[in-house]
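Chain IDs A, B, C and D follow the sequence of writing; residue 1 opens each chain.
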Amino acid sequence: MTATIVPDHRGRYGEFGGKYVPETIMFALEELESAFEEAISDPAFNKLLQKELAIYSGRPTPLTLANRLSETNGGARIYLKREDLNHTGAHKINNAIGQALLAVRMGKKKIIAETGAGQHGVAAATVAAKYGLSCKVYMGKEDIRRQALNVFRMKLLGAQVIEVTSGSQTLKDATNEAIREWVASVEDTFYLIGSAVGPHPYPKMVKRFQEVIGIETMEQFDVISERKLPDAVVACVGGGSNAIGMFAPFIQSDVPLYGVEAAGLGVDTNHHAATLSKGSNGVIHGSLTKLLQTKEGQITEPYSISAGLDYPGIGPEHAYLHDTKRVTYEAVTDQESIAALKLLCVNEGILCALESAHAVAYSLKLARTMDENQSVVVCLSGRGDKDVHTLMEHVEGVEAE
Amino acid sequence: MNKRWESFQNSTQYRFVPYIMAGDPCEEATIELSLALQECGAAALELGVPYSDPLADGPVIQRAGMRGLGQNMTLEKTITLVSKLRERGLKIPVIIFTYYNLLLQLGENRFVTLAEENGVDGLLVPDLPYEESSYLREMCSNRHLALISLVAPTTHEDKLHKLSKEAQGFLYCISSLGVTGVRSEFRDGLSAFLHAARLNANVPVLVGFGLSSREQIQQFEETSDGFIVGSAIVNKIESLEKQLMSNREEAIMEFKHFIDSLLPVYSR
Amino acid sequence: MTATIVPDHRGRYGEFGGKYVPETIMFALEELESAFEEAISDPAFNKLLQKELAIYSGRPTPLTLANRLSETNGGARIYLKREDLNHTGAHKINNAIGQALLAVRMGKKKIIAETGAGQHGVAAATVAAKYGLSCKVYMGKEDIRRQALNVFRMKLLGAQVIEVTSGSQTLKDATNEAIREWVASVEDTFYLIGSAVGPHPYPKMVKRFQEVIGIETMEQFDVISERKLPDAVVACVGGGSNAIGMFAPFIQSDVPLYGVEAAGLGVDTNHHAATLSKGSNGVIHGSLTKLLQTKEGQITEPYSISAGLDYPGIGPEHAYLHDTKRVTYEAVTDQESIAALKLLCVNEGILCALESAHAVAYSLKLARTMDENQSVVVCLSGRGDKDVHTLMEHVEGVEAE
Amino acid sequence: MNKRWESFQNSTQYRFVPYIMAGDPCEEATIELSLALQECGAAALELGVPYSDPLADGPVIQRAGMRGLGQNMTLEKTITLVSKLRERGLKIPVIIFTYYNLLLQLGENRFVTLAEENGVDGLLVPDLPYEESSYLREMCSNRHLALISLVAPTTHEDKLHKLSKEAQGFLYCISSLGVTGVRSEFRDGLSAFLHAARLNANVPVLVGFGLSSREQIQQFEETSDGFIVGSAIVNKIESLEKQLMSNREEAIMEFKHFIDSLLPVYSR
């Protein structure tokens, strides 16, 4: 494996990445990049970040052997990296804490964020409250309707939730609108992006704030298992933040890595969010990457039962890892993910997020092709409390009353 | 530099550059609106391409894009529309305003070829900053297409210097932060910014983003060589949508009336 | 302070406690008591318990300094013991894991549990799934209606939720029904009680499985603050399990301890759950304690906005700590707890359970009477996701849309 | 031991002890039902006290308790009801069946005083196991009240031995695990349990919990000295509720008929 260092100074991962944004905010990206680079080379910042992750969010999160699930499934042992145990219930908070600390360091008093299902919106509103920043969250009208509970939570946390009525009124439009707002308020506002997407330096920064997942996993695996490294690592991919965070320290190793996209109703239908399997090169939200689009370049609306995977693009580093074949990307359907979620529930007492259930579903398949002495580590990116309403509509065999 | 740009640059008038969306509300309307704008004294025309995710645009132009998409207007069709405009008598420079993804899918090479073939004079890509534009810039300059540079009040001094110097066609100075759309106030320090831009530019320096009234436009008369009006015009087109489809002649009359009322007296 | 060891061999805390149960289950309590005593004196059991708490539930939970909240409030610094970060979102899982491991050790294959709002029901269903036990959860018809999401979660975890239509169809009746079921199935069934209530040895056992809260707190406080011990410790009291767990290691010290009951609409109305403030001695669910009752001894229905505090009795050790004055018990109204919850939200980005908000509300009052060098530790027993529906109905100033 | 207990104990019949709930469906009905049961051959009467949280009872008796609570029946009123029963001619021992909390609130001392004054013969507290009963046991024995002990198939051998020996009034052997209510089957090993109880008891050994038919009752004829029927009787009372309020005489006729059908022939 050639050890190309990505991203380069222009924010490029091979051909992917870059900064495709209006000139108005170019200076802000440069300001952000230098503030970020300076912060992460400052031991005091890293110490503070580590302390906040530990004392506020409860890190390190454990690595749990899924005993009964592995036995029921057969094949390799499955370990779960428990990002669901983070404060606010998903890995999203790792990044939100990191970016908020950076915003404070840069003297910004306002943050803005986009959200789809509301998970990143809640994380952003949370850190804004914690660090005394004002917070506006952009959210599609359609998503506001579907995710009333999270909308209420954000408001309770003191954030302003701004309804986005443009386009398809979902995550991609909320992101457009957040960028628009950023363009207008760039001088005093920090844009807190929720995944490893967006213009450089966002993908790099989000990876840096999420790599704690992989670093902890590597250490923990070494301690609790007989082998040094697992035989496979699996994570779901929406924008790609939990996956890139999990993969980060493993990329240099030769452990097989698997990113799992949402196949929705099937990759051969028009209802999926399988960006790498079915998308093509293009620019979305400031970055050159793979995306779902018409042949003319109109971005199409993706579909997944899981709101967090329902994104037409993907972080540029994943596009790069895909093209360089370092990571294998697979797609899992709604049905497979629900089945995996149920199996995890009844065997381990863990209700995971529908996003994470995609990773679990693929691990189950993968583990069955491996032997009992091998181990698969799955990033359990979040808990499923948020999905209970959706599950009530979709899970058969458990009457909802 | 082609003849159309030559006469644009040699003009002594305070240059009026309108923006309209291709296919809004239909292709024929776009043609007639363009000709009407030329009649009203437009020095050049910015022709927008409908896009699903226009992140530099405000709601007025977003809606225009939706109407254009409804007409199945594409980047390729927008380019060929320009040759129809030429056939119908449009003489001013035409600049295609497109988001980068549309260009990428068409292919940058194919774009410049088609553009040249169809009488397009320039290109403006709001989400392609200078730093990402070297390939396209080269392609454009090979075909004598102006790749219009935008500079903003937030642009660093030395970058402003460089962009002003290298600017082709005209230099687009963003008059206010934020997306396209109507503004009621402009920021302080704007004239210093325009002054700095003008100092280095070899092309006319135009101001745009948010201009919507004669009074506002006149503010920049001293500090710039022209102005761009988008949302205010597109807004008018929206209000004339029905008539533009059914009773076009009358609509175009009213449109011209509106443009006249917008322009500084000496621009007519 | 005289160091009486409680409970005595009869399960008595002074006059409180005991085993007021049908003769049919007396043998099971004895069997349980000896299994429990034997287990907790076995290092292997303790090691296993500790491992499960760490690797499955994410312990230790952090002790978070509530910086901005303390400043806004004035007076003493407030520290939060973050039981909300446990798997399933509350301290309840500590006890559920402990009892489930004991059930497995005793060779039981079935567990039963009672639940009110569903928190303990979810914890019980969770550990049942995790350790491969079958699980029946008794829940009042009225509560099933109010807590449809938790009912669905329990079912998803593979538990059977049994609707209780007797009495007022709420927690106390669900507990009666669980005891009835236990009487019938006592030979092969483990009754997994959810709070520090019930006949001996339950209160002792639940305390033992919850004292990890206090033990961790004591160690953490010593590490992160300049002083050895906090100046006050506060916890909410429903049945009393999080409070007794938090207080456990502090009881021998002279740190002032505060238990906070639910005053509902006010202790002078008929709508509260302030057992110690307004109750009298009596027997409920197998234990002699304080309870809310008519003068003839009919148990009355308590009220609190917080389902977990809405219990007419209280663990017998609390009745004892109240009468011996070692712990001060205070009551906080619905309104005060909602205000505290909002304040914690906007200042710290933590949405706590309504139960825990009662403890927060009292700490705020208490801290204001103390000086800036002093510290109050609050047990944040659970997270508030479960309460968002309730809050939507009650919180003014945040429109719900 | 009082005269009523003496004749209970000396009886050679297979003893029938019914359970009814005080105030179900009203106080007068309780009186007439008690007298009817005596006429049908009851050897003693268990009189339940309505309670909000009857955790040893199944749904039938729970509902009876709700009806009693609706009549504002209390422990104190139940005790004084016994003196009315005596006035109306009830001669058999009456045992008050009450949960411990009601007793605690009334006061154990006050209870025994009132019980003695009102002709109560015994007390059964389903949630007060032997281990918690020493004070009450002493109070009762001072006033010659029988504190009825319950033993279950799950009771340890030596405890069974002890309780059987010390039993007063009669020894209540629980025939099946679970709460009160109708059962269709009984567990194996029941006769061994009854045998062990009888071996040591100085009082009649009665079997109860879930008996609901003549056939079931006859099963225990050899192994016990009598039987208790609760839910089956309370169930009948529930079905007669309306008539017991409005047309009592007829209802009592039907009730007696039902009791006759339940009893083994030789108990009548």
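Observations on the model:
By definition in this document, contacts are C-beta pairs under 8 Å (C-beta built on N, C-alpha and C of every residue); 3 or more make two chains touch, one makes a residue touch a chain.
Bear in mind that the values here come from a model prediction, so they are computed numbers and not experimental data.
Each chain gets a centre from the mean of its Cα atoms; for subunit B and subunit D, those two points are 97 Å apart. Separating the CA-averaged centres of subunit A and subunit B is a span of 38 Å.
For the pair subunit B and subunit C, the distance between C-alpha centroids works out to 67 Å. Among the residues of subunit D, none is in touch with two or more other chains. If you sketch which chains touch which, the chains link end to end in a single open path, with no loop closing it. Each chain pair that touches appears in this list: A-B, A-C, C-D.
Listing the residues of subunit B that touch subunit A in their complex gives 51-59, 62, 69, 74-76, 99-106, 126-132, 149-152, 154-156, 174, 177-179.
Of all residues in subunit C, only 54-58, 61-65, 68, 82, 84-87, 89, 125-130, 132, 144, 148-149, 151-153, 155-158, 224, 342, 345-351, 385, 388-389, 391-392, 395, 398-401 touch subunit A in the complex they form. Subunit C meets subunit D in the complex at residues 10, 18-28, 30, 166-167, 172-173, 176, 179-180, 183-187, 280-286, 288, 293, 295-300.
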